[in-house]
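So that you can tell them apart, the chains are marked A, B, C and D in the order they are listed, and the count of residues begins at 1 in each.
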Amino acid sequence: MVQTLFDGLMIGGVYAIIALGLTLIFGVMRVINMAHGEFVMIGMFVSYFLFTSIGLDPFISIIISAPACFLVGYLLYRFFVEKAKEGGEENTLLLTAGASIFLINFMALPFLLGPNFSRLTGDNLFWQNNVLNIGSVSFNSALLMGFFVTGILICLLHLFLTKTDIGLAMRASAQEPQAAQIVGINVSSISGLTFGLGAAFAGVAGSILATTYPIYASIGSLYLVKSFIIVVLGGMGSIPGAAIGGLILGVTESFGATYIPGGTGYRDVFGLIIFLIVLLYRPQGLFGKGV
Amino acid sequence: MTILKVDNLSKKFGGLNAVKNVSFSVGKGEILGLIGPNGAGKTTCFNMIAGVFSQSEGKIIFEGKEINGNPPYVLNNRGLARTFQIVKPLAKLSVFDNLMVACLSKSKNIKDARKKAKEVITKTNLEELKNTTAGSLSIGNLKRLEVARALATDPTLLLMDEPMGGLTPSEVDGSIQLIKDINKEGVTIVLVEHIMKAVMAVSDSIIVLQNGSLISKGEPNDVVNDKNVIKAYLGDEYVKS
Amino acid sequence: MKPVIYVMIVTGIIAVIVPLFADLYLYSILTTVLIWIMLGQAWNLLGGFTGQISFGHAMFLAIGAYSSMIITNSLNLDMILTLLVGGLFAGLFSFPLGLLIFRLKGPYFALATLAFAEILHIVARNWKGLTNGGEGMMLSNNATFLGIEIFSNDEYFFVALLLAAIVSLSCYYLMKTKAGYSFIAIRENQDAAEAMGINSTRTKSTALFFSAFLAGVAGGFYGLYNKFIDPEMTLTVHMSAEMIFVTVLGGIGTILGPVIGSTILITLQEYLKEVPMFQSFSSLYLVIYGLFIMIIIVYLPGGIIDGIKKIRQYFSKGGDESDYSKSG
Amino acid sequence: MSIVKKGLILFSFVFIVLIISGCNSENASSEGDTIKIGAVLPMTGGNAVFGEKFEQAYTMAAEEINEAGGVNGKEIEIVIEDSEGDAQNARSATEKLVSDDGILALTGGRSSGVTLVEAQVAEENQIPYLIDHGSSDLATMEGYTYVYRLNPTAGMYPNALLDYFNENPPESIAHINVDNAFGEAVYDYGLQGYVENSDVEYEMFEYTAGELDLKPIMEQAKGLNPEVVLMTSGNDNDAAQLMMAANEASLSPELFVGTGAGHSIMGFAEQAGDLSETVLTAGPWHGDKNDEEYQAFFDKFTETYGNEPGEHEIEGYTAIYVLADAFERAEELNRESVLSALDSTDLDTIFGPIKFEDFDGYTNQNRAITDVSQWINGKMVTVYPEDQAQQELVPFQGWD
């Protein structure tokens, strides 16, 4: 029972870090980003490349994968998303879906990730099959470390958004672009910053996941739907909401898969059902202020 | 014969009671002006009658039947139409199609609706703007389109929420004339408006609200000279002793 | 000239010319284009005309596909009946769904439909008794259309041509009815529509019913044409997204949008595979395809039809304002 | 924009379609001096790695045959169509190959869904289709006359394993199965018979292909305290993920047994690292190490492409040789005579003897050899049946 709870928290931590970037892009800016999974994949690739070439530990390579994804996100926003936004919601949805096809197949070119599954292995990888037993509970040490890194990032981002002036400018230009412009905020570059920051967090998620999960071009689409669920579950734009939303989804799926007979096949249904209930009866999510 | 009877209507939003037991009635074919400073509860009152939300206490009886937050389309089918303070045009559609949508709710088929739409368009002289997309109209024409659309649903009672807001003086006169024409065809009107010139010109009777309660009721001239109305609107110093 | 006549003429011309030099592969491309026209029209009813962007429309496609396969395999009814019943099942399923999620707006509505489609995807994969699970279902006997046995690609092509014409025309005429006007009114401004006597929930569920019905019919045909379906072919996010691509690329909220969008998108995919320059890396053609979508959406937000209109207006300096009642 | 003008626009669009597609079907006619083999492979998408493996195997086989003078002087050419790994593209990809008359036979498919659709289209258009890897049993149980299969069906994968179980029956089996066509076929046509008429305590736990969090499944399996943990996965990615989850849940049965596919390719050992040690896999026989012909193929492949050939490469390579042999024996170079030539195939290859027979409900199915192998320091070693065993089977090493 306790083991299932911690298993749920660990996978919940993974969901939370992936969804964290999306709370900025979807939660704050209301841009439906279908290419969010691809930012995670790019982060994984950067860590994979750095580990295989110079043996840099994935957690350290965050300092490179985050800026790399920031750049991709910023460019995607300024050259494409910003213009598509005027055309209405379905346009940004389709634009990012197109970007997803572009990024997946671009990274699948032979000189980058290529078509195959790769994985970080080798003895110099500290996290290689490293299982930590605390009391009767077993942990995947990489995910445990990832859990703490995620926790720190969540606090940093929350403080950044609520306390700093750039954070304030970000939220202002997302909610009322015209009003923000009048008070002197360069909305397009601030929004580009927000989008890039969202992508950077996805890059961080990629680096953390690279420690234990396989790396291939189309892995991004695996957790796309779950990230949207978590952002809405936690409350649009609420950073702590996304973190707790991720944990709730992780624990629910874990218990559902373990204790409900034949549950392993229906594992994802539990998360989806909770999502629908929250969406219908508490649209502002668990922690969001009224929308 | 009264078409609309409101008796000690009140509405509380949490602690704030926006409307405190207001009672009045409107006779058939009459034009009632509803005035008062901002925040007096005019729009809240208006929205309760229009079914946008239900009242905390009191009754609203329209043509003998109660209104208590029933959805706007039900009330519209019962003959109550309204215009919006902030215009809500069907932007991408042409003026003619805006009216077609309104006409279709009452007429059996497309042909009747088309005939009715042509009638309404000429009556509200939007003829030459027939094919322009609603989104590109001036504020004056947008307000006129609102009225035309409301008219096209053959209402017996028309609630108008500041139809003259933001209009040039000449547009105000046009709007006054429009209201008079509509009224001539037997449509009862309840008008919320700040421009006193217009209210005085069209209303048969006026009621004045101030922070939620009714402070004066009656003919336009008596109400205008009523001390507490002046005090409420212009402040004490204007009160002639 | 009445639309019905002009559609018949165009369909007739295509039906005569194509067989002159079409081979098996070209028939399959054209049939795929026609299937996506139907799916695009279905989605457009709800997304384009009523403004409710659904992101899980593949669920109606799947209901149509699976019910048609089951009916044909067990009762072997005529294709017309099978497709109608498939569409009806999808339509009936849409009622409870509509009541539940029509309170939601914008991204929430899209995500709710996405969640329902994912749930159906998981159910289809695990409910072996009904859908034979991940293994998928094969068509065991040949479908018949008005008694004629439909088997080879050209036969399927002609049926697809007929169905696509009927679906497009029915959408066109539906939008001319009172319901059509109220769909548009709700898209433009729901409060104004309600103030004019339109019951928005009932109208939205009517739009959803027709949209689901047509998606079910198209899905049924898709299943019978492929003679094999599995959850991955019918219930993925990719299928729902493709329905939106086809419509938005052509021009959302127009009858011709899905027709043009589907023709371009499907042929482009096949054509890019052919270009020798892209053969060097196997995934290069999809890189170009993704880039194409991004560029189109940024520089032609209103879709190709809007683009044509703008070009025409640019040349004819002040072309006629688009009076809805006249344009497609 | 009046209706007529729009009609013209629509018409012109359809016409452009015809011209574009028309032009590319011209260059498909056969130029006489080459015999073409068509193959539908997942060149893009999640399973693109397998498309690449087959492309390498086909190219190597074709080059070898062409260097040795080709087939009666004619060169062999492989034409590959991308299925993106899903069944909805399989139909149009196969039809594209079929409409090229120069192509005399089809192969490839890889995943079960694509294989089933390719088989249907081949049967409809009377073109021989030699399945080289697709394992869904349905493909050769529908009584198709144009569909042949050289590799064992998913149901046959556990044959050798079931013989082993008959000799030393386990008390309890936890089967962690993937919920796609491959997983279902392994159970329906393979294990179900054994499970029902033996008194083994058997329980199946299903997961979705690509799922990353497999720990709950391993925790549930642990609850059964199984003597044998059976695992089915379509690719090495899932296979490795299963072992990592088992490690985290410290699930340690007597034997860990994969059912071929994902557990029988080098990728599994590379990704799972030392977790793959002593893991068994029951599936298609992957060649007899001490047969020089096999060794020559193994070394040449590793040297040309830089990675060691596994189950997929051997089956792909063999398929081209079987088709080349059929082309040679066919009276004329057309699809009908290739078909009759395939019927009388009796060829010894590095994948074992190839003969297409009808037995227990299968048609044109080769009785491919299956075996049980064990991963011993990164290499797959046959451990059962005895006559082919290179080493003694050892129980699972446990988590140190």
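The rule is simple: a residue touches a chain if its C-beta (ideal position, glycine included) is under 8 Å from a C-beta of that chain, and two chains touch if they have at least 3 such contacts.
None of the values given here were measured: they were computed from a predicted structure.
Taking each chain's centre as the mean of its CA atoms, D is the chain most distant from chain B.
Of all chains shown, the one whose average CA position lies nearest the global CA mean is C.
Centres computed as Cα averages put chain B at a distance of 74 Å from chain D. Averaging Cα coordinates per chain places chain A and chain D 35 Å apart. Annotation: 44 Å between the Cα-based centres of chain B and chain C. Between the CA-based centres of chain A and chain B the separation comes to 50 Å, rounded to the whole angstrom. Those residues of chain D in touch with two or more other chains are numbered 43-44, 48, 51-52, 179, 206, 208.
Residue positions of chain A touching 2 or more other chains: 105, 108, 115, 217, 262, 265, 268. Touching pairs of chains, sorted by label, consist of A-C, A-D, B-C, C-D.
Listed in rising order, the residues of chain C touching chain D in the complex are 1, 3, 6-7, 9-10, 13-14, 17-18, 21-30, 32-33, 125-126, 128, 133-136, 138, 151-153, 226-228, 230, 232-233, 256, 259-260, 263-264, 267, 270-271, 273-274, 282-283, 286, 308-309, 312, 326-328. Touching chain C in their complex are the following residues of chain A: 26, 30, 32, 34, 79-80, 83-84, 86-91, 93-95, 97-106, 108-110, 115, 217, 221, 224-225, 228-229, 232, 262, 265-266, 268-269, 272-273, 275-276, 279-280, 283. In the complex of the two chains, the chain B residues touching chain C come out as 50, 71-73, 76-77, 81-82, 84, 88-94, 96-97, 100-102, 104-106, 109-110, 113, 131-133, 149-150, 152-153. The touching residues of chain D, counted against chain C in their complex, run 1-4, 6-7, 9-11, 13-14, 16-18, 20-22, 24-25, 43-44, 48, 51-52, 81-82, 86-88, 91-92, 95-96, 98-99, 112-113, 116-117, 120, 124-125, 136, 138, 142, 178-181, 183-185, 206, 208.
Residues 43-46, 48-49, 51-52, 179, 205-208, 210-213, 215-217, 219-220, 235-237, 240-241, 244, 247-250, 267, 270-271, 273-275, 399 of chain D are the ones that touch chain A when the two sit in their complex.
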